[in-house]
Amino acid sequence: MTRKNPKRKRTKALSSSSVESRDAKPHEHGTSLEEFRHFRERLNAEILGEGNLVINRFFALDTRTYEAGALDVRTKELLGLVASLVLRCDDCVTYHLTRCAEERVSRAEIFESLSIGLIVGGSIVIPHLRRAVDRWSELERLAR
Amino acid sequence: MTRKNPKRKRTKALSSSSVESRDAKPHEHGTSLEEFRHFRERLNAEILGEGNLVINRFFALDTRTYEAGALDVRTKELLGLVASLVLRCDDCVTYHLTRCAEERVSRAEIFESLSIGLIVGGSIVIPHLRRAVDRWSELERLAR
Amino acid sequence: MTRKNPKRKRTKALSSSSVESRDAKPHEHGTSLEEFRHFRERLNAEILGEGNLVINRFFALDTRTYEAGALDVRTKELLGLVASLVLRCDDCVTYHLTRCAEERVSRAEIFESLSIGLIVGGSIVIPHLRRAVDRWSELERLAR
Amino acid sequence: MTRKNPKRKRTKALSSSSVESRDAKPHEHGTSLEEFRHFRERLNAEILGEGNLVINRFFALDTRTYEAGALDVRTKELLGLVASLVLRCDDCVTYHLTRCAEERVSRAEIFESLSIGLIVGGSIVIPHLRRAVDRWSELERLAR
Amino acid sequence: MTRKNPKRKRTKALSSSSVESRDAKPHEHGTSLEEFRHFRERLNAEILGEGNLVINRFFALDTRTYEAGALDVRTKELLGLVASLVLRCDDCVTYHLTRCAEERVSRAEIFESLSIGLIVGGSIVIPHLRRAVDRWSELERLAR
Amino acid sequence: MTRKNPKRKRTKALSSSSVESRDAKPHEHGTSLEEFRHFRERLNAEILGEGNLVINRFFALDTRTYEAGALDVRTKELLGLVASLVLRCDDCVTYHLTRCAEERVSRAEIFESLSIGLIVGGSIVIPHLRRAVDRWSELERLAR
């Protein structure tokens, strides 16, 4: 959740022209991806700048957690995604969906992961599932 | 949470004229009821259209859950309402409040149900209680 | 959750002879109903005896919550049961099941209530559903 | 969470001139502090006006909980803050941050409290940590 | 969580001789694996025998969720494991660890999955992490 | 939650003679304090011995979190206690109660902290409150 500058494999997704195509179908359920990123980066900078040792080390450790090891990065991001979905954190889901898009996870893989979160977490997860699917479609449009 | 077209017993509540009266007292705590419904229907369609068997069956099963059986529909909707409140899901609360309005549950019954959610779930529930009461009053205005 | 001495309509259920029949089929999933009650009563006494105003008033308020009003006692106990199930608190489920047995709620009504908790809360609820069903069967044996 | 009129030690913080300085750096993550307060006060009045005994007593009891006793008010507000953070309730966090500002808790004390919430609650807490820090900075600007 | 008879690839793990080696190092944190399985199977039979349509369909759907699709079975079981860990359900963790053992997931893969659950869920997860590691070591001893 | 060897200021509390007095009033609600400690230390050793970098750093960071800074150790332990109570983790509550006893927190301070957890978390917290009070009384007996 805390990486400030992950290598972006799909920079095209973030170009201004694709942002326009996003605007063509306005986002309805709250913060846009661009607003989310801007707020996240601004506050991460403010938090890390405070110099609280525990918080700063936790942010660094959080980044390490998703690096390749016995499991590859894609699997780890899917684990982070499903954990975020059952704990019902939209911002965390958005973050991991963004990373999954960068790792070229397929739409079918995303839906199967979300289906596990839905069955484990129940109907209370459905509003978050809707926002996750909306985000994923937004990311697909940006990547075109 | 997933029914696409529940029989509406109180169609008057959804007429354009009552929507105007709602606008006279603007909704302060986020998405309006109309925006919530639109987003929900659009995303339900997108999700179900994907054809993921597990998700689609879960959505169908969710609908079956609240049908009359040993318990009547009103009691089941109140059970769904209180479960949604203690799990602190505003969208789920909104959905069950809408269904309760359609089933002509009284304001006193709603408040007693909410009071159980408050006592079981504690003060952390209060912000969701506020939004639930605001939604209920909105539904009452729409039904007039 | 805190009532110390609810009027018991089915005192036969708590007679020593029925306790024997329970012992014939030993309880597998942890504390027996008798141990639960003993621990609960002993600790409630210790807690209330401490004289902490906030805690004591909360315990009193908790009792008031389930008294008849716009909704009857049975409906309120079912609301407490489902709230407890989705929040996955075995002791709270046991308490409300005991009250439901006293209020002569039927097995079918219990199962429909539990099914709502299962759908709202997801598969994570299943272990608690198992223990709830085991408790209910225990209460039925005690009531024979 | 429910006090309607806590003694405000720092009334300057709420003066119209400081509200202007807030507007100079617009709030990005949702409801402004002023909107939050307005909605909270309007709905508290509507809820308490309903006359539901359980809800009204709970609101009164909630206020009593944070009064000085064996622990002082500042410590109690920090306990409320961390409990709200690990339960991931932004509105509750905002409320306790406001009270902490009134009690002249320092920025370092706030960050250490938040760090405990982060370690106990994990990375799922991070989006709420960001909003908490953003709120605290907003409160500091208002108090200048 | 609900499969009654998954194909067991490692039947040796469940032979009586390996059960003896388990008993040589007694299990300290509650129910043994054998007790867990027995209780689970007995109650699943009682629940499914009740014939509640919603519950029975949910149990069937839960089984379908972890079948191979765009993602393979091992990845899906790891997703179920991490979801169970962050939601802090020991029985669910035990179930998915058992399935992971059957699918020959390595100890390093289990630890990396658990580490994601720990970082996402925070220190509140640690007691469940301990029990998960104890279970996994028990499963390894049974498989020797 | 993870410190292996906190400086013990009240070693008398752990002497064998006081353990006897504990046994005179047997513990009813599960694992005894001694069993809890033994299991915790054995598993912490197994987990840390595995050498997973993320887990080991998190355990180290968890220890740092409760060291004195802008807030003193006692306040931080109370923050950890209330966070653990509202998240309903008995083992975490036991750990922080043990540390509070070592830091000579008074019974009244413990009860006020628990009362905040009760009000924030609601009646679902009550079973954990009972076990917390039982643990605290056990710790007081051990310290005599």
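Some points to look at:
Letters are used for the chains, namely A, B, C, D, E and F, taken in the order the chains are written, and counting of residues starts over at 1 for each.
We take it that a residue touches a chain if its C-beta (ideal position, glycine included) is under 8 Å from a C-beta of that chain, and two chains touch if they have at least 3 such contacts.
Since the model is a prediction, treat every value here as computed from it, not as a measurement.
Counting the residue numbers used at the interface between chain A and chain B, under half appear in both copies, so the two copies meet with largely different residues. Taking each chain's centre as the mean of its CA atoms, D is the chain most distant from chain E. Chain centres here are Cα means. That of chain A falls 41 Å from that of chain C. Averaging Cα coordinates per chain places chain E and chain F 28 Å apart.
In chain C, the residues touching two or more other chains are 54, 58, 61-62, 65, 83-84, 86-87, 92, 111-112, 115, 118-121, 123-124. The touch graph of these protein chains is complete, with an edge between every pair of chains.
Of all residues in chain E, those touching chain C in their complex are 1-2, 31, 35, 38-40, 42-44, 46-47, 50, 52, 54-55, 58, 62, 83-84, 87, 89, 91-92.
Residues 28-29, 88, 107, 111-112, 114-115, 118-119, 123-124, 126-127, 129-131, 133-134, 137 of chain D are the ones that touch chain A when the two sit in their complex. Chain contact summary for the complex, chain F toward chain D: residues 61-62, 65-66, 69-71, 75-76, 78-80, 82-84, 86-87, 92, 106, 108-109, 111-113, 115-117, 119-121. Chain contact summary for the complex, chain A toward chain C: residues 86, 118-125.
Those residues of chain B that touch chain E in the shared complex are 53-54, 57-58, 61, 64-65.
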